[in-house]
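Listed below are the structures to be examined.
Both complexes shown next keep chain A, but they swap its partner, so chain B is in the first and chain C is in the second.
Showing the complex of A and B:
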């Protein structure tokens, strides 16, 4: 029983539900409990590359710290007991609680999102959305084709940069490259549209109509999926209770 | 399979017909449909697997029966269970990541029972001698391998007919020959219709031939084997000689050895070698290292930076553009977007850009891929005109018939450039074979 094996649609729905619920909690303890609880569940029921997890976490950690800082310094003037003075601003208890709530909420959101993204195979997620979420095969297979398009687009982009550099466009620094992007959009789009049309023809010629079809890869729903989902919901319940 | 009587077809936005008065019966066997670009052969092809008229709102008149039923009585995708299709471009006909997933995609479309799928996949791969590819990622395969997988994906649905649209257009001669031999072996029980403007590559594969000229049937009868188009060497007058040095280049998967290229003004140079031998990489290095080299990429559209023809020609310098624009026949399109031009016009615009930026050497990367004879003749004229004006022209190609126009040759083999050779190269059987340039027919 791991989060990797969990049915992606159920996982997605549970995680979304928790995030939605978190948005209504105005105390610092609930998000903190959710954050810690998510980490514990992730350690117990998944096999996550913690280095990747850490890297993904970095920008959000900064966001959280930023939120904390700005709320403390530029927070609304509130009455109440002054805890300490920061750059001439009186910081009240209320200010501190609000700042902690907001920044911990950022962390809890991130932990939940990473729980989903780092344990979900995108292909399996799309299959599952098709089978449990009744997603139309037309949309699902557009996503699959999209996956294939990434390397092709990247290759095309590199080629455009190369040939444009040969024509004397200044492309030495990263900034030059970014500044040149608007000139690349039209050729890149023109190429992609042609490719997309060809792939569409090829799919239809192979009998793809977007109508219901057979499936080889069955993403089942098992008892374990409900168990893991309940664990997450219990975690949320406990966290709310801690908050009160 | 197909019965057409007085069949005509036109696109909704155009008045002229693409196909006119086609009366044709396709019967079992191996049929070649040939004709120049714009002769309507690709349109006819798309009518055969019912991609048209539905997907282009084209207007069909006359009778068109597929498997004894009129084309308009079929539901979408229905006829595709009986007709398998392989397209020209190896890079834009796959949906999934791996070969196995791709094969399963066809089976899922045809609603094959789930427990039958794996046996079907194993069987077709064994039949086509492709078992080793089962778990390979399609993106990493070579062009020839991708085309074989495309055939497998078509045949796994057990079609009665197999349609192929210029499947060799992007393959080198050796790979093409091997693909044809392989298809000859594996397509014993299925009927085949192939669109090809260069039937020579297929040897004696066909038993029937239909030739289209301007949307009408010009010939319909037994296949007549004929030699490829021929190009004769251009006579060159050489001027001053320059030496270009291309340094060593090491990439993750590929090493390019350092090389020297001796270039005379007014010379015409061909660089030959297998797909993936490093020709394009070498050419890019050459252009990067030397300001005097102007590179025309395989799709000339990559070169264009601005949004109209005259600005494109004027980019990066202050010289007058009027004369060259008119000489290249681009005057009427001066305000058009470069990407809206035809392939031939794009190529001419690319050459105009090179002429105006005073490049000494114009280097074409695969200008012949997917081009028919008329387009090649136009390319030939352009090249001759350039060398007469004292510029040097260099091109990389797979087209051995077209390569004959060159005066000097270089060969590329696994990152090593050798040369120069003169036209006596064509008598050196072993050398040609080592570079994958020998066709068994010749």
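Showing the complex of A and C:
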């Protein structure tokens, strides 16, 4: 029973539900408990590359810090005992509690997001959305086309750099390359649009009609999916209780 | 809704979403670092970037749903290629897409002038701000600060997404790559 095997649609719905619930909690303990609880569940029921986890987490530490001090400096006026003054703004106990809540909320959101993102295979997610979520196959297969498009896009970008260099654009350092990006957007997009048209023709030529179809890979719903979903919901319930 | 769409229009929608998902993700990282320094307001003035695919897709394909679907797809792809905002980003995409779509629905999908595109940018800014207000707990901030945030986001939506989206699409039209789509037919009617 792991989060990797969990049905992606159910996982998606549960995680979103928890995040929505968190938005209505205004005490620092609930988001903190959700953050820690999510970590524990992730340790128990998935094998995650923690280095990757950390890399994803770092930018959100910045956001959490930004949220913390914005809420302190630009917080709304509240009555109550003034603890200290920050850039001319009187900070009350209530302000501090709010600031802590909002920045911990950023961290809890991120932990929940990573629980989903790092354990979900995109292809399975799209299959599951098509099979359980009644997503139109036309859209689903267009998303698959989109995925296959990444290497094509990269290849085309390299080609554009080379042709522009041949015509005398100075492209030596990495900075030169980055500076040249605005000149590449239009040709890159135009090329992609032409490719899209060709891909659509070949899909039609191979008989793709967009009707519901038989699939090779079936993403089922099992009892474990409900177990994992209830674990997350219980975690939320306990966190709310801690906050009271 | 999708019955009347040609397959090539849907594939175009998906490709545009992929390209802009990469752009969106790049700007999330720009915004994040910024946000550590000057707080959540860092995102506001560049927020229009995250609405642009709606305007471009609707302007090129001109079908009901183009603005909404492109934004949702871009958000989904952004999540899959590694946006740690995770599943929440799809929700954001749905909400922003609805805001942009509303502007085209109000004009019964008949007008694609600059002001409609800018209205779409404004619509996306309005709905996305309502979402930020709830999820980001903006009620905790002073009303003046919140109003400033909204004014910045709305302006950004109208200029970057509305005006920027139109300029980009018109440049693409000039390359001839859009010959098979509604935008090219419209151009011919007006000469």
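Note that the second predicted complex is superposed on the first by the 223 of 244 C-alpha atoms of A that agree within 3 Å, B and C clash if a C-alpha of one lies under 4 Å from a C-alpha of the other, contacts with A are read in each partner's own complex, and residues count from 1 in each chain.
Going forward, contacts are C-beta pairs under 8 Å (C-beta built on N, C-alpha and C of every residue); 3 or more make two chains touch, one makes a residue touch a chain.
If you're wondering where the values come from, they're calculated on a predicted model, not measured in any experiment.
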First, second, both or neither for A:208, with chain B first and chain C second: both
Touching partner for A:226 - first (chain B), second (chain C), both, neither: neither
Partner chain(s) touched by A:153 [first = chain B, second = chain C, both, neither]: second
If touched residues of chain A are counted for chain B and for chain C, the larger one: C
Which superposed partner A:116 touches (first chain B, second chain C, both, neither): second
First (chain B), second (chain C), both or neither touched by A:199: both
Touching partner for A:168 - first (chain B), second (chain C), both, neither: first
Footprint overlap on chain A, comparing chain B with chain C: 145, 147, 186-187, 190-191, 195, 199, 201, 203-204, 208
Residue numbers on chain C that touch chain A, as the complex places them: 2, 5-8, 10-19, 22, 29, 32-33, 35-42, 69, 73, 76-77, 79-88, 90-91, 134-137, 139-143, 145, 168, 171-172, 175-178, 180
Of all residues in chain A, those that touch chain B in their complex: 123, 141, 144-145, 147-148, 151-152, 159-160, 162-169, 183, 186-187, 190-191, 195, 198-199, 201-209, 211, 213-216, 218
Chain A partner contacts - residues on chain B that touch it in the complex: 46, 49, 51, 55, 75-77, 80-81, 83-85, 87, 89, 91-97, 104-114, 117, 139, 153-154, 157, 284, 287-288, 294-295, 297, 299, 301-305, 307, 315-316, 339, 353, 357
Contact set on chain A toward chain C in their complex: 12, 15-16, 19, 23, 26, 56-57, 59-63, 65-67, 69-71, 73-77, 95, 98-99, 101-102, 105, 109-110, 112-114, 116-117, 122, 125, 136, 138-139, 142-143, 145-147, 149-150, 153, 185-197, 199-201, 203-204, 208, 210
